[in-house]
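Working notes, structure below.
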Amino acid sequence: MDAITILVAEDDELVQATVEDALSESGFETTLAGSGEEAIALLKDGKSFRAIVTDVNLNDKLDGWEVARAARELDPTMPVIYMSGTHTDDWASKGVPKSIMLAKPFAPAQLVTATAQLLNASPLAE
Amino acid sequence: MDAITILVAEDDELVQATVEDALSESGFETTLAGSGEEAIALLKDGKSFRAIVTDVNLNDKLDGWEVARAARELDPTMPVIYMSGTHTDDWASKGVPKSIMLAKPFAPAQLVTATAQLLNASPLAE
Amino acid sequence: MDAITILVAEDDELVQATVEDALSESGFETTLAGSGEEAIALLKDGKSFRAIVTDVNLNDKLDGWEVARAARELDPTMPVIYMSGTHTDDWASKGVPKSIMLAKPFAPAQLVTATAQLLNASPLAE
Amino acid sequence: MDAITILVAEDDELVQATVEDALSESGFETTLAGSGEEAIALLKDGKSFRAIVTDVNLNDKLDGWEVARAARELDPTMPVIYMSGTHTDDWASKGVPKSIMLAKPFAPAQLVTATAQLLNASPLAE
Amino acid sequence: MDAITILVAEDDELVQATVEDALSESGFETTLAGSGEEAIALLKDGKSFRAIVTDVNLNDKLDGWEVARAARELDPTMPVIYMSGTHTDDWASKGVPKSIMLAKPFAPAQLVTATAQLLNASPLAE
Amino acid sequence: MDAITILVAEDDELVQATVEDALSESGFETTLAGSGEEAIALLKDGKSFRAIVTDVNLNDKLDGWEVARAARELDPTMPVIYMSGTHTDDWASKGVPKSIMLAKPFAPAQLVTATAQLLNASPLAE
C-alpha cells in the first residue's frame, strides 16, 4: 500500500527523533519541518499530508497554533495534534476544533493513538 | 433556583430577539452585548456567565472568533456556540475546541440543545 | 430566518401529527411523505431537506431502512432519525452510520433533541 | 403513544415541582420518590422506568449515589441524571459510567436535553 | 490469556498479509475468509469472533457491506471495520452504525487502533 | 522526555507480566501494586501517576472498584481502566464515569489504546 505521510513541525532534534520513531514504527511516513514557516510552505506546496503533528513552541515567528490554523484553512478536515510542555492550558483558547493536545512528556503510544483516532474519524479520504 | 446567564454577542436586532426568546423560553437568562468589545468588557467585568453565544460577524473591530478566544482565556471550560450564515467553513480553522457552530438559518431548538449539551458536558460548575 | 425543513416519512396519521407538532413547536418546518416512495421522490426532487425522520415500517414496498439509504446516497451528511416500535433491534444491522433510533413510544423532546443533536454535529451546512 | 415514565428521587418540594414541570412539558411522565428508600422500592417493584433523575442529597440513609447504583444493578442500561449544588465534584468518584451530573442551578432545558440524550443513546429499549 | 480472534474478510493476498501482521503483532488472533460467502459461513459456524475486518470489494457475489450486515444480525454488538480504496464515500449509505471505515492506503496502527477502540467501547463481553 | 508512570493494581503474576510488557513496550513506565491497599497507599504517597489500571478482583479487603474510587477522590481527572473476566457486567453500577472496562481476555493493544485514549482526552496535565 502507498504511504500515509504525516507532517511533523518540530524544532527540537530530540523530540523530532522520538516523534519520527513512534510514527514510522507504526507504519506512517513523516516529513519534517524545522520551523512553522517551513511547515506552511510544505502544506502549500501541494504535497498531500494526511495529518499534522506540531509543537506549540517553534523557534520562529510562527508558532504551532498558527501552523494548525493554516493547515485547516487549506484542508478543513486535516487531523491536528499539538505537543506542548508548558502551553497545554492555551489549547482551550488557541487550538482548533477536533484537535488533540498531547501534554509533554507523553508516551509514543499516545501520539500514535491520537494520530490514528483522528484519521479514523474522518473516513472521507482522498 | 438561581439564574443561569448566557452571554449573547449579536449586533442584529432580529437575531437578538430570536436568540433571547429561544433561551429564555428554555429557562436561561441572557445578557446582550451589541458588539465584540462590549462582550469582552462584560466577560472581564467579573459577572459569571455559564456560556457564550456569539455571531461570527459583528459590526466591530472584534469578530466572534476573537470574542470566543477571549472568553476561553478567562475560563478554559466556557461553553461556546457560534452562529453564522456565511462563515461556517471557517470554524475548522478559527473556532475553539469543543465549540458548536450553528449554521444560519437554524431552529430555536438547535440553539437550546447546543447550549444544554455543552453545559451538561462540563459538570464541574462554579 | 429562513425555514429548516425536515422530511417526515410516516404512514400512520396519529404518529404524523405527534411528530409534526413536536418539530413545529421547536421551530422546524416539516414536509410529510406518506410512503417510502413518496419520500424518495421528494428527496430526488431537489428540495433541500436538512434532516429526515422516518418510520421503519411503511405500508409500502420501501421501508424506512431503504429510505434512509437513498437519502444518504443523495447527501452523505444527511441526519437520519428512525422511529420503530418493534424493529429497534434491526438498527445495528440495517441502520446507517451516525443515525439515531427512537424506540416507540418516545417523548416529543427525544425527537427534537435527536434532530437538533445531529444537525449541530454537521455544521457544514448548505 | 404510551407513556415514557421517569423516576424522580427528590426530597425538596420546590425542586420536585421544577423537575416535574420541565419533564412533563417535554412529554415525559414522572413518578416521584421523596426518599432514596422509596426510589429503590419503586425500582424493585417491577414498574418500568425509562430513566432516573436523582438529587444527590436525600434526607435519608440512602443518598443519590446509592440510588443510582441500585438502579443500574437492576438495569445496567438505565439512564442516570444526578442533580447537586454542592457535591458535583464527587461525581468523578461516586457517579456511575455514562451518567450526567447537572450542577444546580440549572435551566429546565438542561434536564430535558440530558434525559433525551441518554435515552437516545440506548435505543435497545424496553 | 485466551485468544481474541478477529475475522478478516479479504480476497487480496497482499492486503491479507498486511492485516494479519498488524493484528497479530498487536496480540490478536485472526481467521481469514477469502470471500464474503466464506466469511458468513464462518460467522454462522458458531465460532466466537470478537470483531470483523472486511474489505468492501470481494471477488464474490457478496460484498463487505453484506458481510457486515450478516455479522450484525447474528450479533448486534459486533465491532465492524471496513477497508476500501474507492468506496469510502458509500460508507454513509451502506455502512452499519458505530462501524469504522479505513480508507486505503492506511497505516497498520490505524487498523489496530480502530479494532481496539471498538472492542473497548463494548465491554459487555461474551 | 520524562517518564509517564501508570499504576497497575493486580495480584495475579501472569497478568502483571502481560500488562507490564504491553505498557512498557508502548513507552509507559509502570508501578506495580499487588493489592488494593498497596495501590491506595501508593496513590496517597504523593507519587504522580498519570493513569491507573486495576483488576476488579484483588485478593484483598479492597477490590478494584474501591481502588478506582479512591484514585478519583485524590484526582478527579485520573484515567481509570478496569480489567475483569467475570465482573464486566458490574461496571455499569460500580465503575466510575469516563472509565474503560477491559473484558478478559483482551489483546495488549486494547490496553494500550484504552490508556492512550483516556490520557489524550484529558490534556490539562500537571
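The chains carry the letters A, B, C, D, E and F, assigned in the order they are written, with residues numbered from 1 in each.
To be clear about the criterion, a contact is a pair of C-beta atoms (placed from the backbone, for glycine too) under 8 Å apart; a residue touches a chain by one contact, two chains touch by 3 or more.
All figures in this text were calculated on a predicted structure; none of them were measured in a lab.
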{"item": "Those chains which touch chain F and also touch chain E", "value": "A"}
{"item": "Set of chains whose contacts include both chain E and chain C", "value": "none"}
{"item": "Fewest hops from chain A to chain D - one hop per pair of touching chains", "value": "2"}
{"item": "Listed pair (C-E, A-E or A-B) duplicating the E-F contact set, over half by residue number", "value": "A-E"}
{"item": "Chain copies touching (chain A, chain E) - same or different residues, decided at half shared", "value": "different"}
{"item": "Chain pair with more C-beta contacts, D-F versus A-F", "value": "A-F"}
{"item": "Whole-Å separation of chain centres (CA-atom averages), chain B against chain D", "value": "29"}
{"item": "Centroid spacing, where centroids are CA-atom means, of chain D and chain E in whole angstrom", "value": "38"}
{"item": "In chain D, residues with contacts to at least two other chains", "value": "76, 89, 91, 112-113, 117, 124"}
{"item": "Overall pattern in which the protein chains touch one another (line/ring/star/complete/other)", "value": "other"}
{"item": "Inter-chain touch pairs (all)", "value": "A-B, A-E, A-F, B-C, B-D, C-D, C-E, D-F, E-F"}
{"item": "Chain F contact footprint on chain E (complex, rising order)", "value": "1-4, 26-28, 112-113, 115-117, 119-120, 123-126"}
{"item": "Interface residues, chain F side, partner chain E - complex", "value": "15, 18, 22, 88-89, 91, 100-110, 112-114, 117"}
{"item": "Complex contacts: residues of chain F adjacent to chain D", "value": "69-70, 72-73, 76-77, 89, 91-99"}
